[in-house]
Amino acid sequence: MEESNKNSSKSERLEVLKTYKMYIDGKFPRTESARYYQPMVNGLSLGNVCLASRKDVRNAVVAARSAQAAWARRTAYNRAQILYRIGEMLEGRSQQFLDELVRQGVDKETAEKQVAESIDRLIYYAGWCDKYQQLFSSVNPVASSHFNFSTLEPVGVVFTVASRTCPLLGLVSLIAPVIASGNTCVVLASETCPLSAITFAEVLATSDVPGGVVNILTGRIEELTEHFSRHLDVNAIACDRLDSEVNTKIKEFAAENIKRVKTYHQDWSTDAAASPYFIQDFCEVKTTWHPIEQITESGASY
Amino acid sequence: MTRKNSKWDLSPAPEGTGHISLKEHYGVFINGEFQTPDHGNRFQSINPATGEVLAEITESSSQEVEQAVAAARAAYDGEWSKMGGRERGKYLYRLARMVQERSREFAVIESLDGGKPIRESRDVDVPLAAAHLFYYAGWADKLNYAFPNRIPRAIGVAGQVIPWNFPLLMAAWKIAPALATGNTVVLKPAETTSLTALKLAELIQEAGFPPGVVNIVTGHGDVGAAIVNHEDVDKVAFTGSTEVGKLIQKSIAGTNKRCTLELGGKAANIVFDDAAIDQAVEGIVNGIYFNQGHVCCAGSRLFVQESIHDELIEKLKHRMGTLIVGDPLDKNTDVGAINSQQQLSTIEQYIEVGKQEGAEFYQTDCDLPSDGFWCRPTLFTDVAQSNRIAQEEIFGPVLAVQTFRTVAEVIKKANNTPYGLSAGVWTDKGSKIFNMTSQMKAGVVWANTYNLFDPTSPFGGFKESGFGREGGLHGLSAYLDF
Amino acid sequence: MDQPRTPMVFKSPVIDQVGVVERAKRFTSRSIKSEAKMRGLEMVLSMIDLTTLEGMDTEGKVKQLCYKAQHLHDSIEGLPNVAAVCVYPNYVGLAKRSLAGSGIKVASVATAFPSGNSSLEIKLADVSMAVSEGADEIDMVISRGRFHRGDYNFVFDEIAAVKAACGEARLKTILETGELGTLDKVRLASDIAISAGADFIKTSTGKIQPAATMPVTLVMLEAIRDHFQKTGLMVGMKPAGGISKSKLALHYLIMVKETLGDDWLDPKWFRFGASSLANDVLMQIAKQQTGAYQAANYFAID
């Protein structure tokens, strides 16, 4: 009796389906609009996914803005450790990412490569956190008695439109360089393959990344373009290649407050898709002048 | 060992040693294995705070050096030089993480073996060592960016000889950039402080590094000389005294070996009358009494603008009175044990010299433990540039104070030394700081701070303080051919 | 109000903020164990000014606080009393009666606490009222607006006038360091207050954040030390607000010990302006005695 009971309960055990929510300010809210969509792969639904609204964009930007100063103030070493930690956590959950990539229609071999490459890319940018500054900064030999130096500073809040076709590696490849320098970001996940982005948010939430540094929305670019591109508290936009119509619209709206817009046409699986120049793309150069007193051995010149 | 009969004394707060595993005897680490040579020559590593024997260490013979270099060469020619930078980096990241995980164990052993206060080994030595490994791990796959328009290549086998004042930290300073750039290593720790390097070897083994990438041989100066002079060593990195540095430079003169030397110092720490005086006092204390003054960049020559001399010395003596000297494992200890009997004798000789030269001598009145090697924080005022204690490196908690009147004068005096490792400047005026930093002949100039180190910041000397830099992007080139 | 700006008569030493923060942090690395901890905790208790400064203060509340001051935790024998109870002027008489015979001082805030924005006449009347009701100590606030205008002589004169009005009562001068902006200004205000006759200098009203911090307190202690070295006269110190844990309070005592010396380890010269601190100290003392960690519900709140 007992035996058969066990068996029957086992065979009848119903899988608990995961609710895919968005990631804003370190929490996992549903969209305030209560709308959803069902991405389909090979005729099968991936599940209910939030359809982000204008107000979700607003909330995410508020979260990113309020987290930005503190994130930038952290030491480069600390940011490096945190990026490394994201890599460690991703490694620990690689099987889950593999499964989800396959569910989203990626073949197994490519999926394995994508997951491994995503981990290594995080480690790669972890390494850059305390190094890019030495490459791009300078001491400038001005022709007056001044110590003059230029350093890089994060641009602020970066809206990021992640790759539509490379759901994990494309996502990681844009987030990592943006946050490495102290920016915070709001990411719009791939519309067709959003699962990896949401699961990546769960990795972020358990990796010592402060809430608000990365915010992840799911939804349709067409609905949101105007809202993020015109948002005056967004400083820059990073997007993976888009339809030229959407791209032009983004650039036009961006002009309202001189947003920096970078559009990438990378194959994210190549080595060329990772470099310190991705970090530089979302930094400002700041130059400081400071006087040098001129009292020397040869006698005072004052 | 704080001041007697005070109203509120701190109770002993010793760090526990229960979780520390030390072997009775350590072999040498060659080709990924600990080996005990047949000759059985050993020496004792003692706790300088008690005289107690901690472990026996192998006195390597030329044969172990041969084996170590051969293992390093084989590892270099084999897997390591062909491995991609990304994977090399990941080995170093592993090691960095393991050092972080075992930080308490490393800190306790460092304090037991070297005599430095646990507060320093815990808060400075070990975290900085981990940070260096972490930092250089990141460079391994980024070398092309560090040297635009050049093709960086590893050199080969690096022979590294390190001192006893920061045993683990110096091992990390040496090993991290060498491995990140694709070289293999034969390292010799100082004979009085081999233990943390050997513990690091255990982690290297655990981290799964290919055998022979790092080899650690122990022993006295002749072992170091054998490494440096081995014909299959391509690169020499030495941190230690200027005297030995000169011998090394001479002995490899006829070879194509690459070399970096980080040697002695007699740093000027300069306080102007417009400085934030209480913070300057703190910097002076940190500059000379940090690690019992066993620091090559110690601020051992204090220059005080004459108008604030008396006030500053009064404040300095007050602050010195709060320094707790004693058990290195006590969390409240500020100044630990002198590293060895030999070093204590050297310091005591210099204190005698200072007295004989007529400088005014001052020491705090704290109690000292009965066993072990100790020296109270010491101050000499009324010192002239021509005093020996103002010229020679004492490598102990002894500060020589001179006065000055003008900027021009103090720059001349500060630079009036064969050394040029570091300097300190204290003033509230930014333009004066930049005047000073541009005039000082020193590899590191600290302004309104002292004795700060960071993996991203290059460190090394001018003049007889050596050549080459460790740390930062600049620290890479010492381990690369182009 | 529109008097010409008075010349600056005080030359205070410059302060390096980074150095102060580092030094303050170093005190927190002191490890206070066993006997030293017990002795320290008792000292902390004896230095507390239990305070109620609310708009909704009532006779009942003040009486309860006074009872608590005399019966901190009757199940532990040999506990010291707190140093004082601090109330608004209109409750001084009540507090005085409630504490009669206990040796516990009554302190009163005065001078248009907490803003200090009123005329000198009214401030002096405020002080006189508290003193005539029997206040042992007066906690005044300095005129921060005038201080920021550079009217240092005004600030000095006002403190001196209040001191005169205090008569036998000891004067604590609140700098409200959270409104002063820099440590240089904290030092300057400390020097002004000390030379104008303050018996104590005090960080904060408790109404402004940040209140007491270790770096701010260190700068004030250094001002007291320098004054002592020049004149041989002792001045007391009272950090107020933000110190609610025993461990932090013990680190303050270490800072006092190492900066000023053992003579200041006395309720006559050092106070904590804190109310919730008392129960935390009691819990620690009980823990030291029984070996068991304590819970808040076993300690009376008043």
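Residue numbering begins at 1 within each chain, and the chains themselves are lettered A, B and C in the order written.
Convention: contacts are C-beta pairs under 8 Å (C-beta built on N, C-alpha and C of every residue); 3 or more make two chains touch, one makes a residue touch a chain.
Quantities reported herein were computed from a predicted structural model and do not represent experimental measurements.
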item	value
Any chain in contact with chain B as well as chain C	none
Most widely separated chain from chain A, with each centre as the mean of CA atoms	C
Whole-Å gap separating chain B and chain C, where each centre is the average of the chain's CA atoms	44
Centroid spacing, where centroids are CA-atom means, of chain A and chain C in whole angstrom	48
Whole-Å gap separating chain A and chain B, where each centre is the average of the chain's CA atoms	40
Residues within chain A bordering two or more other chains	none
Residues of chain B that touch chain A when the two form their complex	86, 89-90, 93, 131, 134-135, 137-139, 141-142, 145-146, 406-408, 411-412, 429-432, 434-435, 438-439, 455-456, 472-473
Chain C - residues contacting chain B, complex	13-16, 18-20, 22-23, 29-37, 39-40, 43, 222, 229, 253, 257-258, 262, 265
Touching residues (chain side chain B, partner chain C) in the complex	6-13, 119, 123, 274-280, 282-283, 314, 322, 331-332, 428, 448-449
Chain B partner contacts - residues on chain A that touch it in the complex	76-77, 80-81, 84, 120, 123-124, 126-131, 134-135, 147, 275-276, 290-297, 299-300
